[in-house]
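Before anything else, here's the structure in question.
As written, the chain order gives the labels A, B, C and D, with residue 1 at the start of each chain.
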């Protein structure tokens, strides 16, 4: 009697390695795909572990009824999830949280740092030629998804910290150039805190609205346990917002990084 | 530098279902096979569980370098072990404990009750025509290993509690008949406590030496933790012996069932 | 279909299963998964007199078969709770339990007064939160303090009063007896056990609060033992919790002496846990031919 | 190869890893797997003045990421230990720790006297066994009693004296300070946490003793927290244990303040655990460029 499609186990249709220990799963889940929007996340069960792992939704194909998750093996839980193969099922709660603003006609700059890059792909698909995608990685060997971004029609800029691919340096350098040129309505970013800080301050400097996707350790994933706190401001007052429910995408004005 | 063959993971060569939820594994482990003797056990790791599961060694093939384990899925741990397949490895400590007396020329009766039957097979192989094997099961659907016992040349008697196969009734009935006939040097038994009690009292009545294999919940399996206690008598004094190290095979005189 | 209803402190529950305080928000977060009316009751997030910001993140760490949390009672305060949260669930057909936490006796009295005449069916007085510096836990580890705060709240409420006990004590039965003596109608246990984890790379505790409360399946045997001890030490009913994640765990808890069973951390792994536990318990009772779940309460036969 | 040696209570250990009392017999059960000389030390099975039969079986139950035991200090008594067990290991090149348990102060004194002049390098006074009815645990939960038994043993031994603490207390630092004040040279912690499991089919506790001591990875966060608290409360060194099963756990324990680390239940899953922990720790120290393991003791930086 009490069933919910959010709780089924979902079939993995395809598994790809995008880089060393970077996995992409294509998962069949029509109901989730129907509801999902860019920037939301899935809370993925890692067999044998107490807590689920939050992974951003990288792509959504509503017609095929699939979503894609791209993740890096960081610790034991992601290692277990990475052992799943096509034909296996994955236990996930999705879509959770809020996504990025999607408004046709806006000119956007999308910034992804490292494993913060995948969620940018679905936004890039939405904005196409109206988007500039700037992604940054440690080194050439960590670079992922460049062809996928190019296919969206977006203007694509690649940076690496060590200069082994694309521009030498951080994503903030090309961002600064583009913001200087003007004609940007919105900046969307996901990546390490240091990068987000740089991006937010540049956007602010240029008076451009900015959205960031944050990370915090999670319990429930649905807003019930208050463990995923991030410092926020509402009506001038500081409080702890919930990354899982009030985010993971926040307007940069609302949060203290 | 510090290596021990007891701790390797061992290759499963073959997996068979002998009855519903009764599994036989043939495992390649030459060093273990070389040392093992009938009645000893393996302490088998069940993935994801704290404690190992003790399983008697059912057969030993020293030439092929293999042993066989036969076990029933009882709870969660044996269920996990039962998921292993040929080609997988199994983590076990073996051979552990003491085995049954093996002395050529003796006339023996071997009794196995239910899942206590498998360890009798290796003894039957040793004694061949000098052995009578009496095994008892709940019902025809639970009967296992009858052909294997017949191949050893032993005299084989089958009982079921409900009469659906072999003699209707408990193993103690044929045992009583055979002991009446005389000419038995040793009785060896493994099975539920109730059965062991019956067997031991019959053997005692007829003045025949009797060995029983006992079960108790185990921790270390090597005699270090003292959790696998069974009430025993030494020099007239009661004390707790260790099933894993002082047993699992005991002379019936030594233990209080 | 067995009779799953139980009565605790005079309050009828349609079944014994209750999401535990702090893991189920104010009752509306899981409505995508099931209506709260299928639950026996729900224990709402711990509420203090004034708004509390809670502790800085990270507030959660994973442990073997368990987790640590250091939320630190983040909540909007009793007035905001009554104004904005309670109305959303006031008409739900399930027992609504307010989890009350105060750093002083006066705070607790004040909150109890404010709950009078509201849709709240029962008070769970939390004297055991390990994650707040002043008060809270101090009440829970000293029988005199525990008795005093119970007495004070008892005087200020007409609602059934349950007191939630801390496991971080030498003898939990002593505290249970103290609160029983001062008028508690029930006790609930266990709150979390104080624990810690360290990130060896940064040489920092994983939790920004350094330590946090441990819960989840890992603590189940400790919780079960305490429930059994307390159920044998007091006459008032016990709401048992700590590590329950399957219907079998819930049955063990009830056999140990719990009248109701609360489910906390298990929700994070499986939001359907409470429902699956209700269903599993029911199926087992039917299979065993047990007509009413209340027959199993305290039915363990010690050796 | 980093320097793994540590000194605790004046005793040099070649490395910090010690199998915990009760899980390693009298030191000869694991010699098929490795020579005990690779170990920093070994804590031998708890020994009482007279022989003890121990509790009836079942004595073990599995729990999520842990186990319960109710062995109840089965041992042959101190005289038999000295006559039959100690000679077998007397010449082993590892620190030999006698784990002493008594139900009275006089018993403990007596055992300490008998250990004088033997090959034992150190005494671990167990005031925390939850599995024996009289005495034992009573010493461990009351600072006065803990102090008194420590003082009595201290007077009767010239050997380094370590006192093993119970986690089943409200404030473990209070007990630690009490035994420090009475002359303990070190403290070890934690012993097991009292727990229970019920077989729902028979409605009987799984353990014949009804309750038992919980150990294994499940308890690690609680143990780590207590080690950290105690290390900050006393000046004498701490031997940390409780749920350690990997070298990472051991490093966390040392960062929390442990000078040595004991390994108990983990042995049951993996007899090689102590050796793998020593090797893993060494590799990590090398990788981090840390010359001596003693540099990491107490190195956690709380927030």
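Throughout what follows, contacts are C-beta pairs under 8 Å (C-beta built on N, C-alpha and C of every residue); 3 or more make two chains touch, one makes a residue touch a chain.
Chain identities (UniProt): A, B = Dihydroorotate dehydrogenase B (NAD(+)), electron transfer subunit; C, D = Dihydroorotate dehydrogenase.
Being a predicted model, the structure only gives us computed values, none of them experimental.
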Disregard subunit D; the chains then group as A, C | B
Most contacts overall join chains C-D
Greatest centre-to-centre gap (Cα means) from subunit C is with chain B
For the pair subunit B and subunit D, the C-alpha centroid-to-centroid distance in angstrom is 36
Taking each chain's mean CA coordinate, subunit C and subunit D are separated, in whole Å, by 34
Subunit A and subunit D have mean C-alpha positions lying a whole-number Å distance apart equal to 47
Rounded to the nearest Å, the gap between Cα centres of subunit A and subunit B is 57
Where subunit D touches two or more other chains at once, the residues are 61, 63, 65-66, 216-217
Contact graph of the chains (line, ring, star, complete, other): line
Listed by label, touching pairs are A-C, B-D, C-D
As the complex stands, subunit D meets subunit C at residues 61, 63-66, 68, 141, 168-171, 193-198, 200, 203-205, 208-211, 214, 216-222, 224-225, 228, 243, 248, 251-252, 255-256, 299-303
In the complex, the residues of subunit D that touch subunit B are 22-25, 29-30, 32-34, 38, 45, 53-63, 65-67, 69, 71, 74, 216-217, 265, 267-272, 275
As the complex stands, subunit B meets subunit D at residues 2, 4, 6-7, 45, 49-52, 77, 93, 216-231, 238-240, 245
